[in-house]
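In what comes next, chain A is part of two complexes: it sits with chain B in the first one and with chain C in the second one.
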Partner chain A sequence: MGIISSLKIINEIAFNTFKESLKSRFFALFAIFAFIMLYASALGSMLSISHEERVLADISLLLIEIMCLVYALFHVSSALTREIQEKTIYLILSRPVPRHICLAGKELGVMITTAFIALITSIMAICVIKTRGLDVPSFFFAAVAGAFLKTAIITAFAFLFSFVSTSDTTAFVMSGLLYVLGHITSELGPLMEKASGAKYLMLKACSIIFPNLNLYSLRETAEAGFPLSIGALAAALIWIAAAYAISAWLFSKKEF
Partner chain B sequence: MEENEKQKNFSLIKNYSIPIISMIMLLAGNYIANSSYVSSFPPITELNPTSLSAPLDMAAIALGSRRVFADIWLIRILIYYGKENIGEGHASSADEVYSEFYERAFHIARLDPSFRSANTLTAAILAFNMSQYEDAENLLKYLLKYQPKQRFYTQTLLSIAQKKKGNPEAVLESILPIIREPDCPALIKNVTALLYRRAGQWQEAEKIYIDIINSSKEKDYVEKAIEGLKDIAAIKSGYPDPILSELQNL
Partner chain C sequence: MSRNSVCFSAAGTAAENDIPAISFHNVEKKYKINRLFGTAELTAFKDLSFDIMKGETAGLLGLNGAGKTTIMKLIAGLIFCNEGKVEIFGKSPLKPEAKSLIGFLPELPYFPPNEKPLNVLKYYGKLSGLKEPYLSARANEALEITGLKPNQEKKIGQFSKGMLQRLGLAQALMHKPKILILDEPVSGLDPIAIRDFRNILSAEAANGTTILLSSHSISEVEKICGRVLIMKNGRLARTVQKEDWEKDGGLEEIFINEVSDKGREK
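Our next item is the complex of A and B:
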């Protein structure tokens, strides 16, 4: 199969996945819930009196990231594992579509959906900020891009976990744990200095194995003058590619 | 026999080449990521959590959201500070009521040293409202360790040192560079206006009061600024400054 025809198939599967997610009732409910959460954050920020602009932007950006992550993880389970369980995957695999192409299409579809969620929640957040008569911070869009990159990494690993775990819930929990560990990784340095023996080795292993997601927390660092580095971008692409390669390998070995 | 063994090994490597290469890629990704990472926050070991702060600190680290949790701690400290209606000039009673203020203020600093408006506000409250100069200086020195170029901290530290020496003119001089910044706390602007009043520079004091009225969302300070403008109008008509004795204590 040629590269162009492969890309065409990936494109078709991705947009089909995206369209399906938009049609689901869960999407509408999620959008309403997102708006309520973002609007509620405005009430919280009002308590900070003269720091409302910063507080509202910070809470909104965290909510955008969490919503993208949660939606992406729910979507991963329905994008492939549920299709495998419900045997609807045969509709694709019965055609001359290699499994790794199918997986690439599904992953891209989930990432497009995540980007769409990030866009919608960002528009909602901007509306809430503007209704309060405040300015949108200059780093807002960079922070949303960082959140999207972070979610894309976790999504790639979530697909991998969905192949090695026994249920959707386990894959969801494992991906959530990776998100948490990814933030803790960069904090391990000072702890390692104080640790010794097995404890040190364990911390060292964690710092080597788990991706450092704080690199993409631009909502935390962009204002202080720490933009996304090329190294961080390269690392994100490597992680996504590696997680995809292992997932594709596992998918190719899977028997239905 | 040996040939068979070799073929078996080769096919094993071939079968597992993708996951092996991918694992190497993951590790390479981590190497690249960690070599380009510099944290702008104090290390986790400095967080010094209490039973009150531990769950929130854990969430701050786990979600990579120190900024948001510094915001939450700011809201908490503002609620804590607002729990008793103790105004400026009642420093001794404030010490007793706000016994946790310093620790809470330090916690915001540990979570986010770049939160200059909040950190300057808490340091200024400690120094100018509670007369806890040592605590305010410790807080600002800690902040300067992580934000050495932050003018808000250097100037506030300088003004506190001058206040300790009882040199109001020098306090005024050291505060001036930061009061034009949009996120300068209203408390500092108010202190500056009072210092101008003490120095007899009514026009400058008036400008600051107008700035507070136009830009601050803190009702207390807006009311104080309105009062201040009324006082200055009265002074211009020949009356003495109604808070002259208070100003002498500055």
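Our next item is the complex of A and C:
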């Protein structure tokens, strides 16, 4: 299969995944939930006499990241089981669609959906901030982009976990744990300085394998004028590509 | 109307006419089952060999767990055999060239309820490599063939079970496959829908399409198929030709004899 044909099929599957998400009731409820939470954050910020703009932006950014993450985790961890139960995977894989292409389409579809969630919830947040007569902080958009990158990395790993785990719950928990671990990977640096020998090698391996999600917590760095380094962006792409490559290999061995 | 590159002519190449459409050669399939401590293996079948020739309409009969769906999944490339060889016109079913020859209808597949049937067919058509304007024309043709044309403006959520099964068949027919693999195609359908299904399959068979279907409905298999493979406990118990069951008082009698304990004693 040529590159152009492969890209076309990836695009078809990704767009279909996105469309399915938009039409699912779960997604609609999710949007309502997001709006209610953002509205609640506006009420909460009224309790803060000073720095209202900052408090409101922080709460919004936290909610946007959680929304994207929860959607990705819930969707991906149950995707395989759901597709087997509904037999939709049969209709795709019985066609001349290579499995790695199918996986790329599915992953891209989830990433497009999370980008869409980030976009919609950001618009909601901006509306809430503007309604309060405040300015949108300069770091807001960079921080949303960082939250999306974190979700994209976790999405790629969540697919990988869904292939190795025996249940949806395990895949969900493993992906959630990786999200937590990803935020403490940067703490390995000081530990490595003190360690030596096997301990050092183990810590070093962990620092490479576990994605450092703090690189994408861009709220503070963007405020200081350093939104996202090329290195951090490259690292995100490498983690996504590595997780995808292992997932594609596991998917090629999977029976349905 | 020009055919897409992934489709092949109904007549087939000379090489394709000489080799079986579907070939199982000493195939063994085992499943791994998770246990409390480790895993166990369950043999679905062993040393299974049979050929389905081009243009043949064959049926798979067997009790639950006999291995019918496993055979279909092996042909569709959804699972892999442990030993032996499965071939589609001499090619591995895992290869895209073989998959483009197959149209697969699993038992009760899901379709998105908010979509219209034409969009679903176009989606699967694109995955089969079809391109516009052939894609739209073929999707409409598939709706016509399966009798869904009058309902094309309805959303799939409003479809009855029979209409969903027709849509399942339509997606399998989208790329004009040379082989149709149908898992329980008439399960749960009313008599009129079953008759319509039979007519569609007869038309496909008349066009030279090879059909392999599994069913619990012996009377339907009897009406549609020219040959039947009876599976029992993971082995091919018997192959019966149409003339045999016409001569021996019907397929049901032969099937019951083969799969019952009485048959085992024989």
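Here, the second predicted complex is superposed on the first by the 225 of 256 C-alpha atoms of A that agree within 3 Å, B and C clash if a C-alpha of one lies under 4 Å from a C-alpha of the other, contacts with A are read in each partner's own complex, and residues count from 1 in each chain.
Heads up, the rule we're going with is that contacts are C-beta pairs under 8 Å (C-beta built on N, C-alpha and C of every residue); 3 or more make two chains touch, one makes a residue touch a chain.
As the structure is a computational prediction, the values presented were derived from the model and not from experiment.
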Exercise. Which partner does A:Lys8 reach: the first (chain B), the second (chain C), both, or neither?
Worked result: second
Problem set entry | Partner chain in contact with A:Thr166 - chain B first, chain C second, else both or neither | second
For this session: Examine A:Lys87 and indicate which partner it touches, taking first as chain B and second as chain C; both and neither are also allowed.
Result: second
For this session: Classify the contacts of A:Ile238 with the two partner chains as first (chain B alone), second (chain C alone), both, or neither.
Result: first
Problem set entry | Residues of chain B touching chain A in the complex | 18-19, 21-23, 25-30, 32-41, 43-45, 61-68, 71, 74-75, 78-79, 114-115, 117-118, 183, 185-186, 216-218
Problem set entry | Residues of chain A defined as touching chain B within the complex | 44-45, 47-52, 54-55, 58-59, 62, 66, 180, 182-184, 186-187, 189-191, 194, 207-215, 217, 219-221, 223-224, 226, 229-232, 234-236, 238-239, 241-243, 245-246, 248-249
Seminar exercise, completed: The answer for chain C against chain A in the complex is residues 6, 34, 73, 76-80, 96-97, 99-100, 102, 104, 106-110, 112, 114-115, 123-124, 126-129, 171, 175, 181
Problem set entry | chain C-facing residues of chain A, complex | 1, 5, 8-9, 12-13, 16, 20, 23, 86-88, 90-98, 166, 255-256
